[in-house]
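One chain, chain A, appears in both complexes that follow, with chain B as partner in the first and chain C in the second.
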Partner chain A sequence: MENQSLDPRVNRLQLNPSGEAVTVQDGENWNVFEVFHQEKRGAHHEHVGCVHAPNAQMALIFAKEQFGRRKKCVNIWVVRSADILAFSAEDEDMFANNLEKTYRDASGFKVMEKINKYRKSTRHDEE
Partner chain B sequence: MTKNNALIYMLTAMADDALILGHRNSEWTGLGPVMEEDIAFSSMAQDKIGHAWALYRIQQEDLGGGDPDQFAFLRNEKDYRCCHLVEQPNGEYDFSLMRHFLFDHAEAIRYEQLQQSSFAPLQPLARKLKGEIKYHTLHANAWITQLCRAGEESYARMQSALNACFPLALGLFEPGGEAEDLLVAEKVYPGEKALQQLWMDRIYAILSAAALNLPGEHAVQPAYGGRKGCHTVHLQPLLEEMGNVFRTDPAATW
Partner chain C sequence: MYGGGYIFDEPNKRQLNEEQLHDDPEKLADFEARIARGEKIEPGDWMPSEYRRQLIRLIEQHAHSEIMGALPEGTWITRAPGFKRKLALIAKVQDEIGHGQLLYNAAETLGKSREAMINDLLSGKSKYSNVFNYPAETWADVTVIGFLIDAAAIVNQVANAKGSYGPYCRALERICYEESFHLKQGHDAFIELATGTPAQRAMLQDALNRWWQPIMHFFGPPDKSSVHSEKLMQWKVKMASNDDMRNQFLDTYVPKIWDLGLTLPDEKLRKDPDTGKWEYSDPDWDLFKKVINGGGPCNQERLNVRKWAETHGRWVRKALMNPKDRIAAPVA
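Let's look at the complex of A and B:
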């Protein structure tokens, strides 16, 4: 069965019409790269999206125009998505009880309240 | 020939090259090989139109030239000073990429030299465009290198694109006669021959790393004539399309 797509890339894929497995040649498949941009020197790199590219160098070239051409940006990282190790979605339960463990939360130390109270009292004295 | 006229000659040639190639490259918008490249190539085409605008603007502000929009869109074909390289239809992506590679390295070299120009308005412009052109050449180098290592057919197409583009690209350095002599004497820039030599050295390093054979400078016939207003058949239809909207109401405010 001839593929009727108007997109020339579909025909370039050389899909096997009989439905048998296709051998993929080296370099034929592009990778997805995650892109991280840095807004100013010393700031964290933040994830902004991804690009499709044959290698890391081309990914960086593409990412620059994709994510660095409008807003302020001083540097970009690209990382092959396949190189990122992550938990699977079904392991989400490992994080389930976090919200109950507020004693681990540094915001539990209410020191600001005391400081503000002290400031208020000294300001009164000056007046 | 006055220095003013010589400067107008040089700036018009530079600006027309950037305008026409910017227009040509923008014809790829929506048709690029992959979305990422489509965006990058379109964005660089816009940069080129920006370079042209900046150069027309210098003519207006410092050399008594006219309004940049009118100058860009309403001249007759023979009053354009662009070289034949930029007029060529896009062809396939190999040709467009090779043209982009050869042109942007020439532009990079020219602006590097203009940072020390005795014509003051060119210095800040050359510094401002440095980073932008650096990305353009980085993009071009990456593609050339990548495609020359992507198998026999790809390599053969890049070599034939180079063979086709090279004589045309030599037209970027068409001798400028009296105007050029005056600009060199006035230390506005080092002259076409010197720029061509720097360019040859620069592109040779990248092309040889990609295993492409650069044709000999003297083995080919450089495509001269554009700087004198003699153009290929491809320019007139481009001008008609490019100025189509502008000519419907040249006095409109955009």
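Let's look at the complex of A and C:
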């Protein structure tokens, strides 16, 4: 190397003396695992990202380093990305709420109106 | 630490290819309407090929910058002054590597494998932030990097975090949270020298003088010399112009530097009280291009360190590899 590094350790390594190209092979960085963390006991596990790992055990170790080293975290799940089954993003419209399905929602049932009307009518009768 | 890969393309290459814009016009209209509504784009969504190409380049170069950015600071871990500074520096360098991982994953959702990205870095095809091709000569350099380069990075990343691509935004959200610690520890170390002995102040002033030009280069060439990036702005790939981000950085940090009785090596540097914009001498953009293209003081060393790490870690990765594994891309 022409220029000596300011870092003595780098000089000791005698980096790449042959100047050969370095190539990483396909798959050398292992497979991808999705990571889910649980912030506190009782909370849902939430997806936070992914890690590359050769197997699930290593993925857990990497996930702890990557996603558990800062904010509070009490538990982590990992699962191979390939094992995630998901709807296609294009099918988003199938989740659209049909207006005719208000009978599925709490807000679809209005009782106060009737109660008030009834109260009003009975008070009226007493008078 | 820092992203903003879009600044590295030569202006003529940045121009959008007309043919590539002729994706299915109906789908393109839906896509643009979604972005205009403020919704995010997710990996499975239809997207114009040019959007995909620009994002891969942007996120990939951001990832490389995190990994390469850890090198100038990493060389100072063994020589950090005191136990507390050493602990903080180790934590920061670990964070930067973690940021690189998050960003590689975000780029992978767009269809480029991590191995392909690393190969493009090692061969010199993809770039990384120019500032990391300069040496960290003294401890004061580490404080200037930790305070000012990280501050500049935050300006850029906070802008990008409001972009349109979901996985990139989520990665940046986590990154920005950790960056706040980087900025604070850098500021603390910077202030310690600035309020220290005459020798410490002189060392800091010297580091500032050497780093000022790379810092001015940081946000990329001036808007007047760059090709119109209207489409990238509309698609929320590019969130702010280079000059706007540079101005925002100067506005926040130059007063903090002057306040400590330190100087910056630019006599023209001042804020125009009428426009509120900062004026400065044009940095040497030819030098900027030269350093990007491999002519900087540390380009070779940085890449060689990276190659060394790749070669010397290979046996571990290979020993753990499962040849039957079918590699999948990240889901989100």
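One rule holds for everything that comes next: the second predicted complex is superposed on the first by the 67 of 127 C-alpha atoms of A that agree within 3 Å, B and C clash if a C-alpha of one lies under 4 Å from a C-alpha of the other, contacts with A are read in each partner's own complex, and residues count from 1 in each chain.
The working rule: a contact is a pair of C-beta atoms (placed from the backbone, for glycine too) under 8 Å apart; a residue touches a chain by one contact, two chains touch by 3 or more.
Not measured: the values here are computed from a predicted model.
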item	value
First (chain B), second (chain C), both or neither touched by A:113	neither
Touched partner set for A:21, first chain B, second chain C, both or neither	second
Touched partner set for A:81, first chain B, second chain C, both or neither	second
Chain B versus chain C, judged by how many residues of chain A each one touches	C
First (chain B), second (chain C), both or neither touched by A:51	both
Partner chain in contact with A:61 - chain B first, chain C second, else both or neither	first
Partner chain in contact with A:89 - chain B first, chain C second, else both or neither	second
On chain A, positions contacted by chain B and by chain C	27, 30, 51-52, 54-55, 58, 65-66, 69
Residues of chain B that touch chain A when the two form their complex	34-37, 39-40, 43-44, 135, 138-139, 142-143, 146, 150-151
Touch list for chain C against partner chain A, complex	42-46, 75, 78, 94, 98, 101-102, 105, 108, 113-115, 118-119, 122-123, 135-137, 170-171, 174, 177-178, 297, 300-301, 304-305, 307-308, 310-311, 314, 317-318, 320-322, 325-332
In the complex, chain A residues that touch chain C	1-3, 5-7, 9-10, 13, 15-16, 21-32, 34, 47-52, 54-55, 58, 65-66, 69-71, 80-82, 84, 86, 88-90
Residues of chain A defined as touching chain B within the complex	27, 30, 51-55, 57-58, 61-62, 64-66, 69
